[in-house]
Amino acid sequence: MTHAVATNQTILVVGGGVSGMTAALEAAECGRQVLLVEKTPTLGGRTALLYRYFPKLCHPTCGLEINLRRVKASRNLRVLTQAEVTRITGARGDYSVALKLAPRYVNENCTACGACGAAVEATIDDPYNYNLSKMKAAYLPHAMAFPQRYVLDPSIIGTPDGEKAKAACRYGAIDLGMKVESLEIRVGAVIWATGWRPYDAAKIQPYGYDRYPNVITSLEFERLADPHGPTGGRILRPSDGREAKDIAFIQCAGSRDENHLRHCSRICCMASLKQTQYVREAYGEAGKSTVYYIDIRAIDRFEDFYSKVLADQTVRFVKSKPARIAEDAGTRDPVIHGVDTEGYHRYATRHDLVVLAVGMEPSVNGADVPHEIVADSSGFIESAASGGFFAAGCASNALDVNRSVQSATASALRAIQIVRKADRVEA
Amino acid sequence: MADPKYAAYVCKGCGIGERIDADQSAKIAEKEGKIALVRQHEFLCNAEGVALIRSDIEKEGVTHVAIAACSRRAKTEAFEFPGVALARANLREGVIWVRPDTAEARETTQEMADDYVRMACAELKKMKVPAGNPETGRSKRILVVGGGVSGLTAAVEARNTGYEVVLVEKQAQLGGWAAKLWKRIPEREPHAAPVDTGVQALIDAVTQDAGIRVYTNATLAQTSGAPGRFKASIAVESGSTATEEVGAIVQATGFSLYDMNRLPELGAGKSPNVMDQAGLESLARKAAPKGLPIRRPSDGGEVKRVVFVQCAGQRDDTGKHLPYCSGYCCNTSIKQAMYFKDANPAVDTVVIYTDLRVPGNGEDFYRSAQKKGVTFTKGSVTGVEASGDTCRVSFRDLILDEDASIEAADLVVLATGQVANAGVDIDNPQATDANGTKPISILNLDYRQGKDLPKLSHGFADSHFICFPYETRRTGIYAAGPVRRPMDIAQAKEDATGAVLKAIQAAENAELGRAAHPRSGDLSFPIVQLEGCTQCKRCTVECPFGAIDEDEKTYPVFNESRCRRCGTCMGACPVRVISFENYSVDSVGAQIKAVDIPDEFSEKPRILVLACENDAYPALDMAGMQRNHYSAFVRVIPVRCLGSVNTSWIIDALNGGYDGVMMMGCKHGDDYQCHFVKGSELANSRMSKISETLKTMALETERVATYEVAITDIKRLPVLIGDYAKVIEKIGLSPMKGFA
Amino acid sequence: MGAPGEFNLAALARYGNDFLAEVEERVEEGEWVKMCMQCGVCAGSCPFGPDWEHSPQKIFMMIRAGKRDEVLASDSMWMCTSCYNCVVRCPRKLPITQIMHGLAAYAHRLGLAPKMQPTRRWSLLFWDNCTKTGRVNELKLTLGLYFMDGIVAGFKQAWTLRNIGLGMLLAKRLNPFELIRGHECKDKAGIHRMLKKAAEIEARKRGFAKP
Amino acid sequence: MAKKEYAFYPGCSSQLRGSASNYLTSVNTMCETLDVKMTPIPDWNCCGASISYAGAGELSRHVMNARNFALSETHLPGQDVVATCAACWLGAKETKQKLDASSQLMAETNEALKEAGLQYQGRTEVRHMVEVLIEDIGYEGMAQPVVKPLEGVKIAGYVGCQTNRPFGIAGESFENPLYLDKLVETLGAEPLTKYEQKVTCCGGALAFSEPEKSQKQIKDIVESAYDHGADVIVTPCPLCQANVEIYQSEINRRHGTKLDMPVVYYSQLMAVAYGATPKAAGLDGHIIKPKKLQEIAVKVVPVDLDQRTRRPRGENH
């Protein structure tokens, strides 16, 4: 599908995470022509890497399955993966967009039989496990990947491994000669759904993420709990592979902090509350969770979930932003130092594992997107109603999945309003 | 349409050719499947293989295609043949990938493959290409119920998209709560000060647009019909009723404030100087436009000290007040404190909170208030006593860890929460809402299942689904704004915009006779043979979407465009008169019968697995992708929803000699994950009743088992299957073999 | 010393802005106090945290709660050893060290600081010492400190620490001649005039009575 | 004409015959080798240090520092003011920032300075000697003159507070600065990178007024150095150096410990590595003798070296 035809009645959606897929599908199911471009080799985005959603503790891949079915069923929606927008010119109702398509080295003949993966030896960091594990350099991103087609990592092109992969494929699906392609298309409206990235925990120096193996991020913790993850769903300590049963969750790791992210990332409180239930799921009464927080932001009916966790004997809450983490030289246990501000109680508490509830940073900061787009000082895009650009989901604000989908649905309508004006003009 | 012509294609790619005898499978398709045109191919999904099928369709007039290759979830873009009935036998993820590649496994693996070919052929014979719902929509107008910010936004956005709007507001004026505010919370940088509500501009846009018909002082006397042909009878002030035909509905009926008079302990009713946030807004609206300071209601005295009490009657665990958090109130108190600080920095303003909840850029707004000298105190208020013209606010200071009090507060503002105006609780029409008032119906739907939208928790008409916030249980009717979930103006506008898109989509789908989410675009629809119907009402009661009404003789009346194609009605029908063209009691029944059942001495049990196509079936696929092996004795049939499973399938299977039946559906209960809401729950209760029947058949109850399965259960499923196979081994093969 | 005339102490209301306003006007960096969000990072970061009664964040809350006497008479801010841990970690970028110093200085100016607080006396001694000649006279400073509590205590102190003194002497890091004539700036007089002026300006600006 | 020239602000403790005079000695030796000319600001005065807060007002402190700026602007135009003492650097840098940020404070300051017949234009840049080494000389530049790599010496890099916070050295973390380790490595010694007390406060400001509290800090700092097998602690701060070194005997007396850990300046390491005599490296200025360094310092310089390095150091003192 590298040759996507588009007109000024087409809506371009940038980003194939839950927000982008939603915006694209809702517009397409209203009968509009939509082109969805995704930078990575698969749709699904960040939520596909979560184990469960709060507050229902249901699985993100369940909704993803439905959305993928909708994608497969829709005749109005076309998808380009490994595609990036490099330039946008024109005005609302008629933009010309330059796309850069990275080579996959695997064509549509691929049946995802896995022979190439078995054949190559080289391994690379597995970004779908936040690099907690390695994967073959010929890979299917994950079990829910769409398109269901393998990818060759550029690092093995021109190496014997590349040739091994080619030799292993019986369907002529591997094309080592693929090059970067560029593509110029015309669209009427653009929806930015470029999502977010976890704030770089290493920058939060007092917590020693860069120095202590048993200090990890909330995103990495999701992978540890996930049966698809590097530990097959067991919560193991990076330092020694021991089961971590006494786990600390530190809120506002990078958020609400003028040294890092000024804004509140909204999701982290609920995410940590949810993760305390992973600990319970894994160990029952034997598990122990401690949440260090400033304010618990369990808004609207999320409060029910908070109350449930409050009642859980295995979970303890400490109103404190920890000052620093030290490491026990012998056991490599992280020791959290700080003060419980409700009455000023000093503590130095040892845990098996510390999970930093890292903040949400927009993946595309204002500088990287076309100048027509207005971004606030945090890098969140403020959809300018006057233009033909709209932000959806976490590109627009720190949002949970539910609110991201709302936001994406709304921006789909705004985009439709632009292109229908365009087709009026055409007619 | 021409006579059906059947063709079957057996793919040998991805190792199928090596692992099973494709010739044999092809022969089976021909002989047992009675398929005229059977072909084998080395690599069916490539361009040349697909071209072969295409040319058979064009040149040979093939109308029905069975593909024995990979899972129905794979290679969908290759195997897409518009206007052709398609059945797929899953020989890859479903057979060779879940079986060990060993000599001893070869025989059972071959049997597995052969059965799936038989099943696909049998299904194909029972399939028709759906023609689409004949009862298509006529109207694409959008009815908006409620004239507050959410409703006004919905109306304007619908118009901007080119759709006509009918707006019904029960009050005399438009604007709702927002029109009662002095200013609103900023949503853009610098988040430094309250901003204009912008509601007047919205009102003007609506009243000046000829494409929007506005009814004020009006309510819905009745709403009938379905997407594309809703009929709304609107009772207007004069007493007369107007009738409007609309394609879809946005319900933006907003909220009522939690009644502060239920909070005497916080001084409500004890002094006019104790008020809720709305009370303070009206004081501000009186004073601020004239540039006057807000004065004390009791005596018009100067206001020197204001205390804001957060979570007043909210986040309550005593059961007396609202258990939830309304989310917007922290920002609102910050905004209101700024009313005072911006006018006169000398006024003391204290916000007493337990958790300050200002997500996102609210943090900047919080910071701005601190800069202006608003004092924030983490504490829990224990009481407010009025004495003369001031109040004493007693609280526990949680930071200083001591009991404290603020004397001589001129105003005390209680941050009370939002109570949804969501109409009557259809499950319990007599129930009163959180304010103790008995709600009256808003939509007055003439639906068999009740007058209003089903409610979720705490009386809000929300969606239960995290990924699908607009999923409604009443197709074509979408809740927006605080009726759905507590929210502020900015969120309500966003929400209303999204809801309008869904409404437009529903109207468009109705016109084309297509299903709405989650089976978007599905052209099949339930067909009922009324002559066989026994008026048992199960379908009308059990339909999760209230799609089926009853006529005066209590026969079911299907409203296809309300229907979501889950098949729950089909599963419910004891006399099997409900079916879809491409999914019916027969199409599944035939697959069950097609399986070759070895005799009781073979030591080869057969276990029927009915798997939800959205979670259990993908999980089985992914188990295969991970090469997690499982028993060769199972035969899996994907179903739209466990709710669509008709008990007759189970009975027929057992009569036919199957040794056991595993039903794999989604989690049910409070946190249900069934995308048709009640499907898995209904299946579960139906199966609980089946044990009687089993006894009469002299069969062990273990022969039918239901499981809650999640899409992530790629490791668990093979284990479940293995364990169940052991159970069957233990109780022995079915005595029913050979009787069928 | 300036009793804060225009601040109505009598009617100092709990959780009112009176004391906060006083701090903002009269204490170095005092305008930052209101920006604290009570996260507690400063409290946990202070190396001398275990030694003091009120953590910085708690002192900020006490100021907002209008606890004027408790704050100004507190020994806590005198425990600050100027390590700036709290400053670099504060998520609201409050100059906490400076505020602690400012509060201490203000308490001292009002004569409310604990009289025998050793750091208060040490601080005064130091300033006095370094401004007398423009440079610190380390020997006089040390001796001055020893004899702060009188001759006897001084000799005791000097005796207990004699090895250190001796060591420093041997290491040529304590210069006995400093007693007679130590380091000093040439323009002492200029420095004194300059500091006198600075004190006047500061008093004028912060509304103190003339020093 | 030297490669680089700076206005030198030695500060009270590290002036001649001050408690850190050996710091000065070693800095001079080091600078000579690096061909860096340090001209003391004529008639410079005390910064007031952070501890003077109770007596000093805000403005008085700024005025004290501004006086030094004014003097350097007049007498050493265009040269950065370079301090070797953490407290001096911090006090001066804070004043510099405050005055840059507030024209009012600037005016008030100059109003006061006028009394001493001075005026500050606001052109001065304030830097620490460590910044000069890292940013102007660079690690390669520091490595180049090494004639006696400090082989086999295990060194704990103790940064302390005020060289590290609130300003710190550009590009270094407040919690885990690495420049001392890099420097130690540059000089051929073995850095103890895992040493976790590198930014612990020595309680210097309260050494006199709250001795037992500050000595508790010192105890941790020294004991941890022993735990990591250190031969010597290196620091950039005269207050840290003094406190951590001289109170060890007192701590031993109170706690019955046997602490005897030498504490030296980075400049001393460099001087020794550059071939300076023990005296020129200020090694004689210690209560706890840095034996390992002395051994290296007395070793004869191998002859097969270029002209520059064969010249004996420290004659001009």
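Just so it is clear, A, B, C and D label the chains in written order, and each chain counts residues from 1 on its own.
Operating definition for what follows: contacts are C-beta pairs under 8 Å (C-beta built on N, C-alpha and C of every residue); 3 or more make two chains touch, one makes a residue touch a chain.
This is a predicted model, so every value here is computed, not measured.
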item	value
Shared interface partners, meaning chains that touch chain B and chain D	A, C
Which of A-C and C-D has more C-beta pairs touching across its chains	C-D
Most central chain, Cα average position	A
Greatest separation from chain C - chain, by CA centre	B
Centre-to-centre distance between chain C and chain A (centres being mean Cα positions), rounded to whole Å	50
Chain centre separation (chain A, chain B; CA means) in Å	23
Rounded Å distance between chain A and chain D, as computed from the means of their C-alpha atoms	47
Touching two or more other chains - residues of chain D	174
Residues of chain B touching at least two other chains	378, 399
Multi-partner residues of chain C (at least 2 other chains)	37-38, 57-58, 85, 88-89, 92
Each pair of chains that touches, named by its two labels	A-B, A-C, A-D, B-C, C-D
Chain A residues touching chain C - in the complex, by the definition given at the top	206, 252, 256-260, 294, 319-324, 337-341, 344, 346
Residue ranges of chain D touching chain C (in the complex, touch as defined)	12-13, 15, 17-22, 43-46, 48-60, 62-64, 67, 108-109, 111-118, 161-162, 165-166, 168, 174, 200-201, 203-206, 208-210, 213-214, 217, 242, 246-247, 249-250, 284-287
Chain C - residues contacting chain B, complex	13-17, 20, 34-35, 37-38, 57-58, 61-62, 64-65, 92
Footprint of chain D on chain A - complex, ascending	205-206, 208, 211, 324, 326-327
Residues of chain B touching chain C in the complex	305, 346, 348, 350, 366-367, 370-371, 373, 375-378, 397, 399-400, 404-408
